[in-house]
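There are two complexes below, and they share chain A, which is joined by chain B in the first and by chain C in the second.
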Partner chain A sequence: MIMAAGSDGTILSAEAGYVLLAVFSVLWIGLGLWWGRKAKSFDGFSVAGRNVGLALATATAVATWITSNTTMLAPQFALQLGVWGALAYCTASFGLFAFAPMSGRIRKLMPNGYTAVEFVRQRYGKLGSVPFLIISLFYAITWLVSMTMAGGKLLHVLSGIPYEVGMTVVLGVCVMYTLFGGMYAVIGTDFIQSLIILVGLVVVAIAVLTQVSLGEVHHTLQEERPMLLDVFFPAALMALFNNMLFAFGEIFHSNVWWSRAFAMREGVGPKAYALGGLIWLPVPVVAGFLGLAAPALGIGISQPDTVGPLVAATLLGSGGALMVFIVVFCSLASSIDSLLAATGDLIVNDMAEPLCAGAVSDQTKRRWSSVAVIGLGALAWGLAIPNYGTLATVLFFAGPMVGSCLWPIVGGLYFRKASPVAACASMIIGSAAGLIAYYAIGWFTASLIGAATSGMVFVAASMIWPDEFDFDSLAGPVTSSDSADEGAVDEQ
Partner chain B sequence: MRLRRSTPPIRFVLRATASRPGWLGLFLLMTTTIGFADAPAIQTSIDGSSGSDDVGFSDEASGGELQAIAFGEDIPSRVREGYVSITWADVPDAARYEVIDRNGSVLHSGVFSQAFISGLPDGIYHYRVRALSGTGEPIAITPKELEVEVSHWPYRYVVPLLLVGLFVMLSVVGVIVAGQRGIVTKEVHP
Partner chain C sequence: MIFSVWFLKLIVIGGIALCIAGAVGLMVFLISDMKEKRIW
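Right, the complex of A and B next:
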């Protein structure tokens, strides 16, 4: 039988893995083509006609934030840092709550905007936009690489498919449907993916709870791994606010979230992000429990970022492995496609277009977007092939830089006195301090140190060199857009 | 127990930073410790010349020769987070690997040549790895123990970081609330 365990100790056979890969590859590419058939202009491709309704907006926020980091890193956090680790991961939802009012402000200030870098360029000039662009690109590529790695690892752990094959297929599929459908395809597939992820997680949670005794898990942890239950676990306490501030920085600065804020109909953003945060909040608790259950179940964990899928699949057998495979594949795809689309916009809008002397037509930008998506896919593939480090170490390396962007964004959105010098200095000094903490202490303090240092520098520099920014200047001219794109997404 | 080395003896030298004296403030920590090479290091060798004592694992059950398994090079000898990732060289005919402690208790059993062990309180831990055949017979073992010291971060580091984190988080929320209120006030009273 195709679902039977593989000969090398994996839960699914390699044949089952290949069949699942083929089925979901065809499904996502097909749906991407269907939803993306109207993405003919750059406006349609990058911000889906700026008319996304509440249901799709909430779904895309949830699906994008339920990444492989949620389904694979939350259990890893729990296994590494215990109960505090799982709770620390939950605090990432606070980033969505905090971004909710900001998304409304962004949409109002920049009704024709495309990217976060565009805001920073208009708000702070080159002094602020150059470091911000570097950080944004670095983070986006790091996230993309960690997702790609997660795809390869998942397929290898569950079905024994070679890492290189798994990551290539997962990335290739996402590149394909994002290439054809842009933001239309991303948001449309996100809706389906978020439903599959949430239903799958509920099923896995119920099934696991019926098979594992909470008392037994507690007893085993107390006997064999007592620090995982320790309220005063030092590293876990150090990581608590780090994760929250990392999430704040991630969401506030990343074009993945800004492009959605631009794509949502006016007034939808605040509700969608708040609802998305609420729906997302319990997910890391469910995923984290899998990590804590591993020792009690006697499951040997080789790489901590694979503990979640491995525990669920071991407990629930072939059916569970199938469910886990589908959930994680959806969560991977929903993040990879978002990153490809949002980072592609950033490359076209904030790198290629400013370099051109004359005006660039909408169709040219649409073509450039396709090239950017393919280029990003190729770059991510090249960086993910060596399978360097765990997901946490790869992703959290970007943490200090992301954390140091927090204040320039918040300050720049609300306060006239926030100045270019302050933005630039806070990003550079905050990133440097955070990276030093990354190496000197550990990844679990880097964002916190970066955000704290950046905040102090930002406030001090804004007081010494204050600005008097006119927010009305952010509302740029109406861009050319394909009228056929307008209103298409929320009606599909 | 008779060990047969399948590869020439390899000397692994593990380096890790020693504990840094005293809490001199976060900035001192941040500005002084990036250079690992300059910090005093603990060296642990697992080549048999100066490692832990061989406590002996009998292969009487199999009665055959056991190959030697080499630990990975990048295993830290001292950790501050209570978890350690142990790696070792692949054994071609192994169906499964087990990580065992000094008492012979199996702490990890898996098919990959890597184990992740977490939740460890302060203390010194000794590990060995053995490879098992498809029938469950031991076919290879690490000739020496791996010694890992767990020494958690002192609270003089933890408490300031917690307080700083709380302050930054409250500040961000405060700034957003104040900013939103400012907008509302302006819209009502331009």
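Right, the complex of A and C next:
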């Protein structure tokens, strides 16, 4: 009877929720400890020995990009913006496709690199790296808090577990296995999580299709909410471009993706990111279908960002609730662990180490990484406790800022003339313009205007104050950690 | 002008099929990497 619905109207009993939490917590932490044997040095902890193969590399791209926002926000997009809403979310995969060739170039230019900020610091100096570091940290922490909040909300909606308890457990588990296993644990668990998410989504979608046909869904939408089927739905079309630029900016700037590019074996990155994009592409449509099906099923939605779990759980009962619980828990974990590891690297590599006058040993950096992961977990917990705003509000507030990083990164990787002044001005002016648009027009224009303004400023400033950068200068010397880690990184 | 029912069927059924192909593909890559001892 542990799976029976709760007495307070939830789909799953609190006991079932606690059992699932316990099972997956033990699994992830156990795997973190197992893989943590390899993560003794900073090189192993932060970039998994730089030798990740195609299977794990592809899966980590898929799992990291399937956030709880994909499984919870895509149905909300579909419910509020219709078919275009689901398709708009799909355009986020274009960011993975575009990053595929960039990942190869990053690996080639910086064979011993660790972070995106490290690249910007070497490429543009402090003028570019200071605003970039601020944006990177702001976005990473916003995303981390958004995921943590999603964890608390999901557990509460499905099983009645108090928000504070749910989000604390989800965050705590991710902190622990990232702490033990670093990037090895993050990438290893990503493979299992990506399989669970893909299979879980397929099972839920097929089960929903056995209850309601696509013809019925279409008919109900046409009768009750025709705007959701409108080919020329203005806000939805704006969201399409906004989401695409948000994704470009997010993937291009975030150390979550750069650290994976450094971790992948030479030649693997471009294939892994392209395949990851292809596998990720259909996920928002399948998840969004749950939102589109809600009106046909007569399911009342009080909180739009939980429409997906509610539809599946209401329709499929305990089995559906369990499946959705597991899928979203995996989505959350795959993003939270990545953010903890990648943002910890930023703190160690781009804040703490540059502040030290002398050389910092590999073991010292490894210890700092542990402290950084714990500190980030504590910070995210403190910010998520008030449970402020919807997921979309929190996430899209950072959209214009990451959109304004798009051109400085692309320009910095491929064009010698891209200059520090241009990078700095484009990030600051683009972010400001996007934030003004966010408040004056709406969230669905913020990234679009931020990226467009940033692009114009970047091109103009690079023409007025051109640089002549030597890309060979990016290839730093081989670090001591390379040899230190060899013994720990044995092939399986 | 609205999206027709066949388009809805195309993206939903197509999406499910691609998800299945993705999961199978990941397993194939893993087996291939294991055979060549190139997981990491």
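Quick note on the criterion: the second predicted complex is superposed on the first by the 481 of 492 C-alpha atoms of A that agree within 3 Å, B and C clash if a C-alpha of one lies under 4 Å from a C-alpha of the other, contacts with A are read in each partner's own complex, and residues count from 1 in each chain.
Just so we're on the same page, a contact is a pair of C-beta atoms (placed from the backbone, for glycine too) under 8 Å apart; a residue touches a chain by one contact, two chains touch by 3 or more.
All values reported here derive from a predicted model rather than from experimental measurement.
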Query raised in the report: Is A:Gln80 contacted by the first partner chain B, the second partner chain C, both or neither?
Result: first
Query raised in the report: Should A:Arg105 be classified as contacting the first partner (chain B), the second (chain C), both, or neither?
Result: first
Query raised in the report: Of the partners chain B and chain C, which touch A:Tyr414 in the superposed model: first, second, both, neither?
Result: first
Query raised in the report: Now for A:Pro226: first (chain B), second (chain C), both, or neither, which partner does it touch?
Result: both
Query raised in the report: Of the two partner chains, chain B (first) and chain C (second), which one does A:Ile449 touch, if any: first, second, both, or neither?
Result: first
Query raised in the report: Taking the superposition as given, does A:Tyr439 touch the first partner, chain B, the second, chain C, both, or neither?
Result: first
Query raised in the report: Which residues form the common part of the chain A surface touched by chain B and by chain C?
Result: 82, 226, 229-230, 232
Query raised in the report: What part of chain A is in contact with chain C in the complex they form?
Result: 48-49, 51-56, 58-59, 62, 82-83, 86-87, 184, 187, 191, 194-195, 198-199, 201-202, 205-206, 209, 214-215, 217-218, 222, 226, 229-232, 265, 275, 278-279, 281-283, 285-286, 289, 292, 489, 491-492
Requested in this report: Flag every residue of chain C that touches chain A in the complex, lowest number first.
Outcome: 1-5, 7-9, 11-23, 25-27, 29-30, 32-34, 37-40
Query raised in the report: Inside the complex, what are the residues of chain A that reach chain B?
Result: 8-10, 79-82, 94, 98, 101-102, 105, 221, 224-230, 232-235, 237-238, 240-242, 244-245, 248, 295, 298, 300-304, 307, 406, 410-411, 413-415, 433, 436-437, 439-442, 444-445, 448-449, 451-452, 455
Query raised in the report: Residues of chain B touching chain A in their complex?
Result: 26, 29-34, 36, 80-83, 85, 95-96, 99, 108-116, 118-121, 152-155, 157-158, 161-162, 164-169, 171-173, 175-176, 178-180, 182-183
